[in-house]
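Written out below as structure tokens is the structure these notes cover.
Chain IDs A, B, C, D and E follow the sequence of writing; residue 1 opens each chain.
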Amino acid sequence: MDLTLFMYLIPSLIMFGCGVYGFITRKNMIAIMISLELMLNSVDINFVVFNRYLFPGQMDGMFFSLFAIAIAAAETALALAIIINVFRIAKNVDINQITKLKF
Amino acid sequence: MESVGNIILYFIVAIAIIVFSVLTVTTRKILRSATYLLFVLFATAIIYFQMDYQFLGAVQIAVYAGGILVLFVFAIMLTQQPGKSAEALATHRRWLGLTAALAGVAVCGYALFSYAGFGGRLLSSGVDVNMEKIGQFLLSTDKFGYLLPFEAISVLLLACIIGGVVIARRR
Amino acid sequence: MELFNNILIYFVIVPLLTLGGLALCRNRGIKAIRTVAVIGASVLMVLAIWLVSIFLSARAGGDTSEMILRSDVLWYAPFNVHLALGVDGVSVVMILLSAFIVFAGVFASWKMNPLPKQFFMWFFLLSTGVFGFFISIDLFTMFMFYEVALIPMYLLIGVWGSGNKNYSAMKLTLMLMGGSAFLMLGLIGIYFHSAPEGQPLTMNILDIAHNNAIPHSWQYLLFPLTFVGFGVLGAMFPFHTWSPDGHASAPTAVSMLHAGVLMKLGGYGCFRIAIYLMPFAANQLAWIFLLLTGFSIVYGALSACVQTDLKYINAYSSVSHCGMVLFAILMFNTTAMTGAVLQMLSHGLMTALFFALIGMIYGRTHTRDIRDMGGMMHIMPYLGVGYVIAGLASLGLPFLSGFAAEMTIFMGSFQHTDLFHRVLTIMATTSIVVTAVYILRVVAKLLFGEVQDEHHRSLTDATWEERLSTATLILAVAAIGCFPNFFINIISSSFDPVVKALQAALPNVL
Amino acid sequence: MPLSLAIVVVALPLLMFLFLGLVGVKMGRKITGVIGVLAMLVDTVLAYGVALTYFFGSGQGQVVDGVRQAVVVANPAWLSFTDTLVVRMGVLVDPIAAMMLVVITTVSLMVHLYSLGYMSDHDGNAEKGFQRYYAFLALFTFSMLGLVVATNIFQIFVFFEMVGLSSYLLIGFYYSTPAANHANKKAFIVTRLADLFFLLGIMILSYYTGTFDFDKLVFGPTMSGSLETAQSAISTAGGATFMGCSVMAWALTFIFIGGAGKSAMYPLHIWLPDAMEGPTPVSALIHAATMVVAGVFLVARLFPLYVLVQGAMNIILVVGAFTAFYAAAIACTQSDIKRALAFSTISQIAFMMTSLAVSSNQNALIEIHEGYGLGYMASMFHLFTHAMFKALLFLCAGAIIHAVHSNENSKMHGLHKYMPITSICFFIGCLAIAGIPPFAGFWSKDEILVAAYQRGLGWGIWMSMVAGMTAFYMFRIYYLIFFWKKHEVHDEHHKPKDQPWTMTLPLIILAAISCVAGFVPFHDLVTWDGKALHTALDMKVAGTSVVIALLGIALATVMYYKENKLPERMANAMRGLWTASYKRFYMDELYQFITHKVIFQGICVPIAWFDRHIIDGFMNLMADATNSLSFGIRRMQSGSIQAYVYVYLLGALLLGVITMICVIF
Amino acid sequence: MMDYSQFLLMPQEIGLLLVFLLVFIYDTFMPERSQRYMPIFSVIMMALYTIYCFCFPAGVGEAFGGMFESNAPTWVMKNILNVGVVLVLLQAVKWTNNDFVSVRRGEFYELILLTLLGMFLMISARHFLLFVIGLETASLPIAALAAFEKRYYESHEAAAKYIFTAIFSSAIFLLGISFVYGMSGSLYFKDIATTLIGNRSALLIASLAFVIAGVGFKLSLVPFHQWTADVYQGAPTAVTSYLSVISKGAAAFSFLVILVQVFGSAYSQVWEWMLYAIIVLTITIGNLFAIRQRNLKRFLAFSSISQAGYIMLGIIAVNVMGMSSMIYYVLVYIFSNLAAFGVIAAIERQTGKVTMDDYNGLFKTNPWLAFTMMLAMFSLGGIPPFAGFFSKFFIFVGACHQGTVAIYILVLIALINTIISLYYYLLVVKAMFLRQDDCVIPTIKSHWTERTGLILCTLGIIFIGLISCIYAYINGTVDAIGAMFAAIQ
């Protein structure tokens, strides 16, 4: 049995799907952030796998993942800060609460 | 032909990723969710190791598992409210999420699996990914050098720091 | 600057200077405001008359070029947009018309209140657009001035209007802008087919016409766009509904300028752009628009018969008369087209006169419903006589402008060899009876008969500025009616290129 | 006297109009009237001078080889449609134009003079609007003169409109009264409808012949009526037909309809009785003597064409003959004297039309026999005499109305004692119209009857019968006004009496003319081809017509001279007929129905509704639809991030999937 | 290996970084009493820097192995953004000096400058990693800026909505890039373009869809737009104006670069139609939503959505004319929209009123503000002789230059939509000029900085269109890189 490219893409895809599912279904904003982490993580896997399987000569994919992790960290930090801020003013982290601006 | 150990490792990792991903987004307890995420991240790191990108795997563990997840836990602690540890899901929301996720997976899956260029590629051996190379690429200004993004991301991080300061200030 | 040696540019500069002068006036300095406005309007009038004399002497001097007083300054090089000026007979008379109406309009809005300064500023912006449109021969600048002329309407009606003004102003603006949306696409399409393969594209109307490079398939697409685009402003059925509401709500001078000049932009554009540049499609598709316009002539007249608001009557009458303009333009022969321009002149002047008088009457009685009025001839004989004259001009009495125009149209249209066109002409001709019906109905109800409201007895006749305003228009109406050949001589030669292009496009027509 | 003075004859009233209209209103009332009269006097003198010069003067070359030629005095271009179709404002003097100059100026002068008195109250103070009145009279005179001297058919059309306008203005002189207000509208619109056909006729005619000018349509190279020219004009049409008839027949019929409108031929006559709401002198001038004969003049002008186009001529014949009878029948029962006179006018004009129409001949070109053109001459003759005596009758009626302040003959009766001069003048007028020799009407009517008999016995008998009716109804009116019974005087201080000299003098002058006008040698002077016509009094016809007229007068005398029950009994005996006649055979009601119920309620109102609710409604609907769509989709912006993301993701996926489907499959 | 002279190709970025540092130093180290001059200081520095950039054009060429490109259009685009930022900062001066935000005003200016730097990177990036970093730099701090008005709940909600959507969209975008990488093996635009020639696979289409979604988020194209209105409404007005013009302009330019340079070979049949659908939806939906808005900021949000659709017309044109028209459109849009936001900000700062009904009768009390607002509305609605007319006309011409009938139909749809847009722009004019109200906004005295900003905007609105050399210059610069459209298939 060979470990083909696709075999690594499948878990990555499912991870992405789970992220999407989580984003749309969770009520807790932190849980939503967690879902987003799943999505970002799955993209990293894609890059690495593509790099390693298809274009092993260069390390573009690897570097991209490297930077993407950093970006994800920055995003998460900022997002969590905002969530906490919202918590301070709204006293909870329920995403359904922040729908005052609409229509 | 892959070594059996690799294959077994792969299956363990794959199943772990799938199972814990699902658990991450389905569990009702937020802290558990964070924990499952940790497992997913670890499993991802293992894939990186398997791909011979040890540096990346290390970064994954250090930054993600070590940094981000701690942030999450802090955030969870800060926003924890007594008696409100569990969240209930509205059913229609679940259907929405399911359709979106499935549609996304289906479209991406079809696109990926129908692409002719990916078929039957195997892991090539003998790729040397050592730290020295990584360091040189990271600070090179030539093609495939990453000095500029390296500088740029510092700006990004600085911006995020300032942003964090703005948000975190009481007033 | 070579441009400033051309008298034409001053038709844009003078209103703009007036605008600037008005801006310098104090808000309450009504005297200064009036003075500036009158000076501006008078200068325009003098310029227009001078222009006519220049034109006549040029033609008499053997200048047979299609346009005279040409100037050309490159503006937007990437699109080959030029500030290209030039006039032929049609533009000359349209400029004359505009100058007259601006002049009369200033006096008609003498007592404009509130915010007279702002009113006159918008008013002169509008006239800038109008004059700019008539002097330009570049598609882009034409279109620009066209829209410049449209938008002040919104505020002029919205702020200074009466009745359901918000609704009317919005409706008018949106419908006209809708028309100009079609127009814009049409113009862009023309631009991209303006020159044969390999030659630089151009926006200059004359060049496009001479290149005659628009493929037939594209003409089918672009002709309706441009024609409808201008047709909306020309109150073509079924895009005329802005006109009754808009006119009913507009203040006097705005109604005058709008019905008098702006609606003419539509007819002018139809022939100068739609027909001249796309003669093939014009020949092929004319029948559709002939049916529409022919219908709207009778339709507008019949609708006018049952209206009770003075301005609505006039608006529907405008639908009928402007329908006649487009109808005649679509007949594609020099006589009918000349008639169309005469009709533009005539309709412009007499409608302006009508609206001026209606405004003056309304300013006194505060009603425009003819059922509430009567016997005005006793009370305000000057206005009454003016109204009768306007009415007679409208129903086409000889020695007033309407007759010469309508007869030229009917005679010209009937010269068409095609039976279809002649039958349509006969249909259109019936409007002269219906016009008589509604005009006389109004005159009888409004001016004659018993005084309906005893309060009206204490009303006064026209003031001096009102007299001046109306007298100017009446004189112009009579001048056209008495000396039509003078105008026909100016106008008719301008149609030779258009008719030639039409003939070349389809040799078996005409 | 040079013929070019004809220009002055035409222009002078125009100047007077402008002067009186612009300056006169600032002047005193009486003075403007006097100025108007004097100007008209000058104009009349000039017109007579021109006419006399034309007919009898020498050295101007009007008669060449026994043919009296038309003279074009001036012919400037006014409105150029194309190179060939040019409307000119010319002055043409030919027999009928010269004759009309005389008629118009004469009657106009009389009316001008008469109005000085008529338009004043009993103390001699001029009415309000006096200046306006004189201005309008001058305008009318100008328009009518312009019409008759026209050099082309379009000029006639132009002045048709102008006389229509003047008529409108003068009928509506008392614009405060609803009746006048209504009547002038009606007059204008009905004649406008006719003018529409006139215009169509001109359009067709000019399209096929390529000209408006009479010298290309009807005048030969000798500048007199010429069948050859007409034939060549017709042949340029090349035998084109429309719906089975030749285009020339259409054109000429339409042109006739135009004339019929002005001349109040059935069924376009309905405006004329109502037009009597105007001041009576106006009725005399416009609605009896001059404007209403414009139609006759028009047909006469195009006579050679009509001669050649049989179909159109037959229509004229039928319409004319019918109208003559129809109007006479109505005139027999009217109680309003002006209306009765109006119907009389209609009937008499129909006489003229018929007279023109009987001239035609199946083989006109082939055999031009001696009597050919008699109808034409008779028609013009009758036009001339009728203008005089009908103006006389109207002016008399005006004097009576001025005296008793009513139009109804029930308010009159027995005025002979109070107004002897008026009575005599009226009597002369009645004799003239009844055709009693030697008064003017006899001569002209006799020629008409001769022409009718020449055309066919049936036509002759028919017209003779109408002539008899004419005598009857005229004397009925006369008796009812001046005799019947004693006048009831309501106010001793204001007894009816003969009017001041300004009003009486015109009566006397016109009565005198009515006496002698029959002796004017029309057959020498006014013929269609300019050649003198040799006629002799046909004693058979003359005799019978006099007998018939006398019978009519006798019947009227029996019935109406003294108060008796006979008229009532006769009316009761023929109740239906009498009422129908009194109600003018319900034509007004029919028109009322068509205009108000069918056109106004049935077409205009629905169209206006359609415009507001369907066309405009559609535009509003689009706006409303956009608005409500905007309201409807606002739920899309639910405020929930997850919904946003859902839309975002599905949007992206959909975009991809649809493109995949399009590109790959 | 290490050739630092390549940094010389990016003088604008480095200059901006310098300005940032100066501002940062001022903010951090200057004494408290001189802190209130900090906004003015930043404005002046930024203005000086902008003038400097105008005077000294950046060099033309590629740096870092083709990762970064500097050429005339990028230089122009960055300058345009600089001008916009100067105006934004100028209008914000008074606001940042109020008691509630003065503590954080330094951060405001710093973040604005840093995000601008991110946008510069987006514009010049010819490598996806650099592009992503630029994109994130340009978008993440805006969440912090949106949360700037801490006293208002809306500000926080806006920030939360923004950050979540932004991260989600960046995830989608990264997924798309990963697919591209999988197909081509490179992240350099040029390399990708050469390997993608003739590629019509489902993967390419999917990746294109995701890339469009990712950038479409920044441009707020429908259906990636829904955050826009909420964020615009909730964020402080200064931030909203920045978000609506500057970041949109940068995104539009880089969007064009990506689509043309990377996916140029997949134009016909693939992203042509994707954009087609998006443009139709964007313009229409934006307009439909805008009709009913009462809050002016929210109203301008939807208006900006539909404006983005018009900007896209310049991209779908794929020719020099379209691109230069697009840049020009952004320039005009900056002036028009900033004029509108300037008026809103000035009024909001003093009265706190932002709904259209509050503006009833504004002309009576504040004629100049009302006049400026009217000009802005006319310009946005494309009324001559204001600049908006020219930009709209040119962008339509540019689109039609593409030549197919389909594009004509697209332009027709856009034109019909201009009628709707005119309707709602006129609603504002109507409120100010036609309506009367009892509680009219009192006459307010605007700060000189606000006034200067508004006057500059007004001058821009009036003269940018009439002075033809501006467009001609842009066109000339784009002409220089016209070769890149040759790859379009």
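One rule holds for everything that comes next: a contact is a pair of C-beta atoms (placed from the backbone, for glycine too) under 8 Å apart; a residue touches a chain by one contact, two chains touch by 3 or more.
As the structure is a prediction and not an experimental result, all values here were calculated from the model.
A.B. asks: Give the fewest steps needed to get from subunit C to subunit E, where each step moves from one chain to a chain it touches.
C.D. replies: Tracing touching chains, the least step count from subunit C to subunit E comes to 1.
A.B. asks: Give me the set of chains touching subunit C intersected with the set touching subunit D.
C.D. replies: Intersection of subunit C and subunit D contact lists gives E.
A.B. asks: Using CA atom means as chain centres, which chain is nearest the centre of all the protein shown?
C.D. replies: Chain C is the most central one.
A.B. asks: Taking mean CA positions as centres, which chain lies farthest from subunit A?
C.D. replies: It is D whose centre lies farthest from that of subunit A.
A.B. asks: Among the chains, which one keeps its Cα centre farthest from the Cα centre of subunit C?
C.D. replies: It is B whose centre lies farthest from that of subunit C.
A.B. asks: In terms of C-beta pairs in contact, which of B-E and B-D ranks higher?
C.D. replies: Counting C-beta pairs in contact, B-E comes out ahead.
A.B. asks: Counting in whole Å, what is the centre-to-centre distance of subunit A and subunit D, each centre being its mean C-alpha position?
C.D. replies: Inter-chain centre distance comes to 96 Å.
A.B. asks: Taking the mean of the CA coordinates per chain, how far is subunit A from subunit B in Å?
C.D. replies: 6
A.B. asks: Centre to centre, by mean C-alpha position, how many angstrom separate subunit B and subunit C?
C.D. replies: Measuring from centre to centre gives 70 Å for this pair.
A.B. asks: Roughly how far is subunit A from subunit E, centre to centre by C-alpha average, rounded to an integer in Å?
C.D. replies: 27
A.B. asks: Two or more other chains in contact with one residue: find those residues in subunit A.
C.D. replies: In subunit A, the residues touching two or more other chains are 16, 19-20, 23-25, 32-33, 51, 54, 58, 60, 63, 67, 71, 74-75, 78, 82-83, 85, 98, 100-102.
A.B. asks: Would you please write down the residue numbers of subunit C that are in contact with two or more other chains?
C.D. replies: Residues 174.
A.B. asks: Mind pulling the subunit D residues that touch 2 or more other chains?
C.D. replies: Those would be 623, 634, 637, 639, 641-643, 645-646, 649-650, 653, 656, 660.
A.B. asks: Which chains touch, pair by pair?
C.D. replies: Per the contact definition above, the touching pairs are A-B, A-D, A-E, B-D, B-E, C-D, C-E, D-E.
A.B. asks: For subunit E, which residues count as touching subunit B in their complex?
C.D. replies: Contacts found on subunit E: 1-4, 6, 17, 63-68, 100, 103-104, 107-108, 110-111, 114-115, 117-118, 121, 127, 129-130, 133-134, 136-137, 140-141, 143-145, 147-148, 150, 159, 175, 179, 182-183, 188, 201-203, 205-207.
A.B. asks: Please output the residues of subunit E touching subunit A within their complex, sorted ascending.
C.D. replies: Listed in rising order, the residues are 128-129, 132-133, 136, 140, 143-144, 147, 150, 153-154, 156-161, 163-164, 166-168, 170-171, 174-175, 177-179, 181-182, 185-187, 229-230, 233-234, 298.
A.B. asks: For the complex, which residues does subunit A have touching subunit B?
C.D. replies: Subunit A residues touching subunit B: 1-28, 30-31, 33-35, 37-38, 41, 44-45, 48-49, 51-54, 56, 58-60, 62-63, 65-67, 69-78, 80-85, 87, 91-93.
A.B. asks: So in the complex, which bits of subunit D are touching subunit E?
C.D. replies: 623, 626-627, 629-631, 633-634, 636-637, 639, 641, 643-645, 647-653, 655-656, 658-660, 662-664
A.B. asks: Once bound in the complex, which stretches of subunit B touch subunit A?
C.D. replies: Contact set of subunit B toward subunit A: 1-2, 6-7, 10, 13-14, 17-18, 21-22, 24-25, 30, 33-34, 37, 40-41, 44, 47-48, 51-53, 55-56, 59-60, 63-64, 67-68, 71-72, 74-76, 78-79, 81, 84, 87-89, 93-94, 96-98, 100-102, 104-105, 108-109, 112-113, 117-118, 120-124, 127, 129, 133-134, 137-138, 144, 146, 149, 153, 156-157, 160, 163-164, 167-168.
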